[in-house]
């Protein structure tokens, strides 16, 4: 099994989840209110009241053979909007 | 060292933590307010006001030889209530 | 690539981030409101109103050769204040 | 019946804000009220309704209609799940039937509050002891629901981790909404009896803000209810029909009991609303924990997606008309 | 002009709490108002201002100056981004120029509210229909901003994931702040027309608390604005100059239009503040989603770090003086 | 002494809601008030108490008893930690002794507020400058605590990352609760002096809601305090004894000082409560950061699990009785 994790702006969360569902993930988990820093600068929760939001952390456990479809679906979104995506190995407990 | 991570409903969190403590984990960390989707459907925070709650994300760093005890303690809970548990390799910084 | 993750008290978060930035991390992500238990006892969010805060979960994706600098910068803080730091392998999606 | 009552109810701020929340979801606005803001309002409403009920209960005492009314309310919270279960069992498995049955035996505090606001705009009096009835209907319904599960599926239930009776009873009697409601009621009673000078200092918070806070909360309830509408496809026509017809039937039974008890029109409406409403706070949370085999989409979407809107939009004025028609004291 | 007006404004609680928030950041205090508390106050202020505006709009009706004023406001929200874009394009790329232009075409609800509070302390009357103008200026500015992007950088835009017009229009008309404001305005209208008895029950929440809640929210705005000051270095002297001079110019244009419309001094000030203020709620969120190529630090730090403080501290009394000097009905 | 005073205090809404919170934990209810709701109330209470204190301070001025009282309060916040340290050092290591000592030198704003509410129900007047005393007692206690650490364990302290005096002083004077309190006090002063017309617009928020908001917050404090009771086993009999006897002793010293200052019974009670209460807001947060070697369970569970409940339940009426017995102006 693989563990895919994405960190991206909350504003793009819906688009990313839709893309993942179309790619066929068996499930996913999302933590919102994530702050951080990356190539596009700092992200804080200070503007949350304005609807600007912070980042979201998405975790997906899936079979290795789904990664290609996910890469194809998610890369354009991450390139255009920013955000990171990394994969690690995982095995069910 | 191993990194065990669980995602399950907040309502079962106390039972899971109790089981882990009996199994002898050296520590654990919990993030609440996790949303997601799995075999049992979508989980949102929309009903938080009703006490229904969302999911929790639990992380445990422990020795590999503790995993059998944790598996024995946690599997029945996850099978009955739902939720996922995965293990990855980790080393102390 | 490596995935470094830290869990430590929110009160030390600023010091840890500053140390990481000096060490040259390309980015980081932070989840606050993390509860847990470790060698120094339980941490809840019950005292959040008092400014005592809970824990923070920090994730850094970086090249392996940065780990030595990060270890040197972060070990003293974790030893003095408490908290854990683990590294796993990761590859970009 | 008087159609102006329904219109009157439709243009009240709480109902309009509920509609606004529903509309937000239907048109695709990103309006949301993030957690835990709805919880703040939910806690506030329970605290305020309990406190006010306690103040009034102290004045009315436990004589007259008080104890019979409370007893009748508790009886309804035992009876409704039983006959609901028989209806539901015709189409659903035991777990889901029991969970939905328990939901309809219990009550919706917000529907009750909205009915109180409706009565106030109609200048119809009602009594504080009705809040005690409200508080005492949640626990029996939860217990009946779990008994039904044990009866219906004793073997399957045994497969899971042991769920002792102590945790079931704790969930029934000590779940946060029942606890806060009963506790605030007791505080209201004590304060009215022994510290009347401090009542005036509480009222700006518990009383003056109440209507506005209810309206704000209903904005969120509208959003959440509309988000549940999608789940209704899963529920199907049978369940949707159930979630409109069962409240109507319960309202009729409630009206007849209210008549038997000799309640005035204000208390009668509150009694009927308790019978006709379904819980989406304490019971779903209890069922999620104690009957994980049941599908939460079913009991939440029926109670919150159909019965709740039906009650606050059409039900309350409709039940008022029913009461006016059937109660000798009313009309 | 009358310098005591500026002083008067400086010592009002909302402005003082804004300063307190700024000071907290400057001296390094760890004072923070964690999410989602600011969102609660932001939702509350929009709901309350909309509701009150609706109540008043029902009384004033749509006759007289109402429709011309609203039309003029909408025209300004189209015009301001156009000429702002021309100025900005001299130094910035098309994406950033368009995003900042849209920001200045739109409005700041909190600046508007602060101006209302200022008028109340000056005992100057104003009308509810100005809230309708406020609500209707956000969407056109967003649309113009996106049109400018399409014009300025049609090829680059095409590189990203397709962003259909439907989602652009939804973001313009249905974003949460526009939606809540318009919805609450409509509710206020309906309630004033059909349920006047419930108005008094809403006022403790929507009216009495308003000033204190505004002050509390401005404490947070002070913190957030001061945290943006660091970003101003990135913005540079040109943009800082823009974010003071453009509001002044817009205020002058607004004053002349108000004169042409024959507005009284109260409505004139609100009109001018709408022209002179820049959005840090709806527009930045819309731009972040639809023009990700623009740098949010630029449009947020100018609108929130410079123009907003300038307006609530100096601008409001300054514009009042301008109006007194230029309007025959004032002074 | 008059036992009815204790009874009177026990049945006031704030104390009853505190009990309700404690009860929730003891009986195992899942009632919880999720973060950051308690923070909202805590910020609100500090803002409101500061603002009201500032308004009143403007009227009373700095003459008469004002400056001597404030000086005496600050002296107590230096003295109490010193003699507390000597007592604590007999059983505890230097780090823990210093941290607990600092906690008892500082004050509990909620205890102070509860005492004010108690005085109001007793119709006893008190002055706004007592809030200034409250605000000025937090910082000295933190500084003495850190000095004690440096004296007691100079070598061990050196092992950790360098903690400069600048960050210690910032933590003492600029931590969020001291900053918000002092800032709101200053705003209250300025508004009373220069913008009296806006006072009435603030009062529904800062004044009318206050008592209800305090009661709601104490519900949470009851939950949190009861959750700390488990930690008391770790603290042991010595510390539990300390956390009841030390406040009593400090109250006695405070009463004598109040007598020397010639304070009226209202101000005297507030002064005594400042001396007798222990901080669970600013000081624990400061100690957690600057003395990580001390065990937070010890200083939090004593201040919050024992001293705080003792003070608001028994202490306040007891100290009032003490004052009536010992002050010539009272009784």
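Think of it as A, B, C, D, E and F in the order they're written, each chain with its own count starting at 1.
To be clear about the criterion, a residue touches a chain if its C-beta (ideal position, glycine included) is under 8 Å from a C-beta of that chain, and two chains touch if they have at least 3 such contacts.
In this text the structure is predicted, and so the values were computed from the model without any measurement.
Enquirer: If you walk from chain to touching chain, how few steps can bring you from chain A to chain F?
Expert: The least step count works out to 2.
Enquirer: Going by the contact rule set out at the top, which chains touch both chain C and chain D?
Expert: B, F
Enquirer: Looking at chain A with chain B, do both copies bring the same residues to the contact (over half shared) or different ones?
Expert: Different residues, largely: of all residue numbers at this interface, under half are found in both copies.
Enquirer: From the C-alpha centres, identify the chain that is farthest from chain F.
Expert: A
Enquirer: Which chain is most remote from chain C in terms of Cα centres?
Expert: Of all chains, D has its centre farthest from that of chain C.
Enquirer: From the mean C-alpha coordinate of chain C to that of chain E, what's the distance rounded to whole Å?
Expert: Spacing between the chain centres: roughly 39 Å.
Enquirer: Find the geometric centre of each of chain B and chain E from their Cα atoms only, then give the gap between the two centres in Å, rounded to an integer.
Expert: Here the centre of chain E sits 45 Å away from the centre of chain B.
Enquirer: Suppose each chain is reduced to the average of its Cα coordinates; what separation in Å results between chain B and chain C?
Expert: 20
Enquirer: Can you list the chain B residues in contact with two or more other chains?
Expert: Those would be 31, 33, 48, 51, 88-89.
Enquirer: Which residues of chain F are in contact with two or more other chains?
Expert: Expected reply: 30, 34-36, 39-40, 175-176, 204, 208-209.
Enquirer: Tell me, which pairs of chains are in touch?
Expert: A-B, A-C, A-E, B-C, B-D, C-F, D-E, D-F, E-F
Enquirer: Quick one: which bits of chain A touch chain C in the complex? Just the residue numbers, please.
Expert: Interface residues on the chain A side: 4, 6-7, 31, 33-39, 55, 57, 67, 70-71, 74-75, 84-89.
Enquirer: Which of the residues in chain E come into contact with chain D in the complex?
Expert: Residues of chain E touching chain D: 35-36, 39-40, 43-44, 47, 51, 170, 174-176, 179-180, 183-184, 187, 190-191, 193-195, 197-198, 201-202, 204-206, 208-209.
Enquirer: Tell me, which parts of chain D touch chain E in their complex?
Expert: 7-8, 11-13, 16-17, 20, 23-24, 27-37, 40, 117, 120-121, 204, 208-209, 211-213, 215-216, 219
Enquirer: In their shared complex, at which residues does chain D touch chain B?
Expert: Against chain B, the touching part of chain D is residues 34-36, 38-39, 41-42, 159-161, 175-177, 220, 223-224, 227, 280-282, 284-285, 288-289, 292, 295-297, 300.
Enquirer: Within their complex, state which residues of chain A touch chain B.
Expert: Of all residues in chain A, those touching chain B are 1, 3, 26-33, 59, 61, 88-93.
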